[in-house]
Structure formats: C-alpha cells, structure tokens
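In the two assemblies presented below, subunit A is common to both, partnered first by subunit B and then by subunit C.
For the complex of A and B:
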C-alpha cells in the first residue's frame, strides 16, 4: 500500500485536518492508501519511507518523492487540481 | 431547577471522556453529520481523552519525583510540571462550556465580515481551544463565567484584526496569496514590536544569518524523542540520580514527548468532520467576497528561522527556569516555544538575530505567567476529571501563548487598577503596532508594483 504523509509543526492539528480530508477523498474514489499526519521536525525520517508528501509550507528543500500543495486541501482553492494529481500518483 | 441541575451534575460527573464525546455526537447530529460519522468521531474523542490522561499521568509519575528530589537537594522548587500545549488543549476541551466557543467565534467573525471590520475568515476551528483556555484562566481568577466569555470574545476580535495587519508579511513568507495566520499566538507581536523597533536602530542587529544552514546542523534537537531524552537526563543529574536512574528517566521523558503528539492528533481526527461542516457553511455565506483565509500557524513552519530560534532558546529557557526567583515551572513538554518564535518572525520580518534577542528577553515572562496559571490548570484537571492527579502533582504549560494579553485579561476581569492600567498601555501598543505594520504593508505593495 502506498504511503502519503502530511506534515505540520507538530503533526497534530493542521496536518491531521489535511490527512482526514485526503483520507475521505481517497475513500470516495475507492483508492486504498495509508495517509498519516507527521511532525515536520522529523520530516527527513518520514520522507524516506513514503511515496507522496503533501506540504503546507514553502519548501526550502527538494525531496525525492512527489510533493503536493496541502494548502489547497485546507482552503479549497485549487483542490480539484491537487486531488487529480494525488489520484494519478496513487493509481 | 434542582432536577435539571442534578442531571447536569450527573453527566459532568461521568468525566470528560464520557461527557465531551456525548456532547460532540449531539452537536454533530445537529449540524447534519451522519449518525455513523458522528458516533465514530465522538468515540475517537473519548479515546483521545483517555490517551492523554495516560501519557500525562506517565509523565508526572516520571518527572515529579525527580523535581521533588531536586527541590530537596537544592531548594530550587520546580514542581509544576510542564505538560505543553497538548495538555492545555486536552483540559480546555474538557471544560463543560468549551463547545460554546464555536458559535461565539463564528458569530463574531460573521458580524465583523458583514460590517467590513475585518477581511479575514478564520477557518482554523481547532484553535478555538485557545479561546477556551483563556476563558478557563479568567474563570479561574475571577470566578465569573460571563466575564470569561467576554474575555474570550475579545481574543476572537483581536485575532481577526491582527490577521488583517499581518497578512502581507505572511504572504511574503509562505508565497501563498489570500492566506493569513489567525492563530492567537500572534497577539504577542504587539508586545514585541517596541523592542524590535529599538533593536532595528542598530546596524549590528540588521545583520543577516543563514538560518537554513544552521537548521540542517541543529534540527535534530527539535525532534521530540531527542529533546525529551536530553531534558530527562539533565533533570536526572540535577536531581542527583545515579547514571542508571538518569538514563531510565531520560528514556521515559523521551517516551512522553514522543507520545504526546501521537495521541493529541486524535482530538483533531475527531473534530475535523465537525470543523469541515462548519467551514463549508461559513464559506457559502460569504461566497464571492475578497477575503483572507485565516489558518493555523504551521503554514509558516517551512521557515528555518522559526526552528533555529526555537532550538537556540531552549538552553536559555532551562537556565532561566533554574535561576529566576519565584519560578515554579519545570519546562518539559512545552519547551519548544513556537508561540514566541512565530510572532518574533513576523515582527522582525525574519531577522534571526533580532528573533533571538526577542525570544530570550520574553522567556521570563512566559515562565512567570505559567507559574501564575499553575493552580488554575491543576484545578481544571481535578474538576473536569480529565487527568487523574495524585497528591503533590502539579500541572502547567511553560509556554502559554500570548501570556501578556492573557494576564491582562485576567487582571481586567477582576477590575483591578493594574488591569485597567495595563489594558490602556496595551491599546497604545496596539496602535503603535498598527501604524508600524501599515507602513510596512505599503512598502511591500510598492515593491510588488516595482517588480510588475
């Protein structure tokens, strides 16, 4: 199963909000994936074992896995585009 | 009345882990959630309470004896154990009137948008808990629920006004248009601005530092397990433990710090369907309007300056906790002072050196306010039955966000002269802040136009 991570300042609130939303979208599209909220302070550790990273910050670093724009899921602006990208990555 | 009161007492007596989920399921059904969803979310909320209770209990059992030994040996009394913001949030959600804060925030935000008093729609419903916490603190000091709700409402208004003023700065950091940070922690910017204004006059404090490189080097210390281990072992040695006992304490401390966020995210998991339903409702009401969307602070978490400032402040926090007379707080789960670094980032426009000066000079204020709030936080744990405390155990939150304004509100709530004096001073500071930020925002605008 593919693994999706969402990171925020402590892996508690914002990241979990996005993770819950993404989980719901995946369920509706009948795609199975493991979505989890993680702590941005330990991001390097998590990226190694994940397939997609949903970011809610401006990235200062390049990662070797596809990175999506998490703000879209938070605000709803541009959410269709990001959803499509996510679904394509997980198919 | 007696009958209704006794039903109310009975329900409250069941403890937060039963009472709050029950309330949550009821509210979920009222706002149109499916029964299956509401029921599921409610039970997760109960699990979150029980999980936090376990970890807080574990932390207190590990740290309190060490703090007591330290007090006996050295006379330094740091027995108010810092459970961090996750503990404060748990206790806030356990407050019987907590859910009242949702309609209060929504109504105030709606009115202010309607009359164009703000451009921000705060969709960050998780941080309603910060206003609940403020209300709890005011009730603890004044004993008056109505004053507490008024105080919390003031926070809602101030947050929105600051969200508007800070929006261009936040857009500059995040690169996302139309988004701002509506977290209450930014209320501290008002108090920090005059210090920064003075520092800015000196050439030395305008030097640039490479925060990215520094973050690569010291970032590992911000990881919960590492930070927990280090504080645990330092405390063990300070308390005169043997190496073996200090190592055990260090590992227990690492476990507590690692587990806190893992459990706390269950709260968010439970609350997120509800907050989504409310957000949809609000967005529909104000569709087609030019608005800033108010979000939680982590959209700024990509900024290396924030993390470097937070980590470099840690040793100062520990040192100050030891040497400041009258401080009772043992900094632990809340030691990473996000609520200080983020406002400092905004005020200084990301100048690391000035962020450090602001962070270190404000740390004593955090410790003293945290000491002052210890009894209130401990009492809340007892009265809500959210956390089982043993005799002699005391809980606090070392990095109470916007400590100055919270302290002022508790004083004002008791109508003391100090309170009235401080609120006048604060309003003047706010006007200064507004003037400074308006000027800065115009400069940003000019820059953008120049590029265009």
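For the complex of A and C:
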C-alpha cells in the first residue's frame, strides 16, 4: 500500500486536520493508502519510506518524493488541482 | 470532548483594535493566563511558533489566522475568537514571506490532539458555510457570539 505523509510545525493541529481531509478524499475515490501526520523533526526518516509528502510548511530543501501543497486541503483554495495530483500519484 | 466547552464569552473579543501582532498575542495571552487556561510559557511559545511556522490562511470567504502552540503550554483546552476592527498582517501558512491582512483570529488551545483532531476541519468547514459566515459576521456582542458558537459546534463530534 502506498504511503502518504503530512507534516506541520508541531503535529497538533494542522497536519492532523489535513491528514483526515486527505483520508476522506481517498475514501471517496476508493483509493487505499496509508495517510499519517508526522512530526516535522523526523521528516527525513519518514520521507525515505513514503510515496507522497503533503507539506504545510515552507520547504527548505528538496525531497526525492512528490510534494503537494497541504494548505489547499485546509482552506479549499486550489484543492481540485492538488486532489487530482494526489489521485494520479496514488493510482 | 464536547466542542461547545471550548468557547467562553470571556475568550471572545469583537471589534477590537490592536496596533500589532505582538500586542494582540500579549493581550490575549494575559486574558488566557488570568482565567487559568494557559501556562506562563504560552505567551513566548505562541509568538515564537508564529514566527517559525506562520498560521495565516487566505480563503475564499475570509482571511484568518489560527495561532497555536505545543500542548505543554496549555492547561485546559480553549478557542479564543477575535474579530478585529482593523486588519493585522500575518504570514500565509506554508510560506516565509507572503503577507496577508487578517481580521479574524482563532487561537487554538490544544491540550489533547487526538480529541481535538476534527476541530480545525470543523472551523474551516463552517467558515465556508454561507449561513454560518453570515451569522458569525453580523454578531457584535460577545455573549451572543459565545452562545452561537457553543450551539454550532456543540452538536459536532
């Protein structure tokens, strides 16, 4: 199963919210994937074993897995575009 | 947990003017501390957190900010709602430099992330609901706002 990670500053609010929204979208589209909110301090470790990274903070470095804009899932601004990218990546 | 318990008329301020973000955090932290919602460390922690991981959010319906910080600075969970008279500049979440002018602040006092996980999605969902947005915008009395928010979020899980 493909793995999606979401990270924000502390992992107490935003990443959890985005992760649950993403889970809902995947369910609606009948796509199975493992979605989890992770602590940004351990991001490097998680990236190695994940397929997609949904980012809520400014990225200071490039990762070698596809990175999506997490803010879109939070505010709904640009959500169609990010959803399409996500679904394509998980197909 | 029942989200209605997070709202308190003393943690709502409507039509107030702050000269800066600094002053806003200062004043609201003082209120929260005097009511026993936060540890003394909260004030510093929330300012630091906002500068490292900004929480401004531009949406179709309004520009808001959702400042929050780590659980150890919170004594009991709360949401502080501030509708500002004059907008304040916040940095858009996920960027280091995009300034947006914010007039609605929701400070999230999160104590137990697993019990409050849906809270932020509920807030975002409600703000995009025309009826809620209309009521929220027109209410200008703190007590009335507390009652309305308790009613609206109380039935949510």
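Definition applied: the second predicted complex is superposed on the first by the 91 of 91 C-alpha atoms of A that agree within 3 Å, B and C clash if a C-alpha of one lies under 4 Å from a C-alpha of the other, contacts with A are read in each partner's own complex, and residues count from 1 in each chain.
Convention: a residue touches a chain if its C-beta (ideal position, glycine included) is under 8 Å from a C-beta of that chain, and two chains touch if they have at least 3 such contacts.
Just so we're clear, the structure is a prediction, and the values are computed from it rather than from any experiment.
In the superposition on chain A, contact is made by A:41 with subunit B only, not with subunit C. Once the two complexes are laid over each other on the shared chain, residue contacts for A:76 go to subunit B and to subunit C alike.
Set against each other, subunit B and subunit C differ in how many residues of subunit A they touch, and the higher count belongs to B.
Look at A:29: by the touch rule set out above, it reaches neither subunit B nor subunit C. In the superposition on chain A, the residues of subunit A contacting both subunit B and subunit C are 8-14, 16-17, 20-21, 55-58, 71, 74-77.
Here subunit A touches subunit B in the complex through residues 7-17, 20-21, 37, 39-42, 45, 55-60, 71, 74-77, going by the rule given at the top. On the side of subunit A, the complex with subunit C involves touching residues 8-14, 16-17, 20-21, 55-58, 69-71, 74-77. Residue ranges on subunit B touching subunit A, taken from their complex, read 86, 123, 126-127, 173-176, 178-179, 212, 219, 222-224, 261-262, 264-265, 267-269, 272-273, 275-276, 283, 293, 295-304, 307, 338. The part of subunit C that touches subunit A in the complex is made up of residues 49, 52-53, 55, 57-60, 66, 68-71, 92-96, 108, 110, 113, 116-121, 124, 128.
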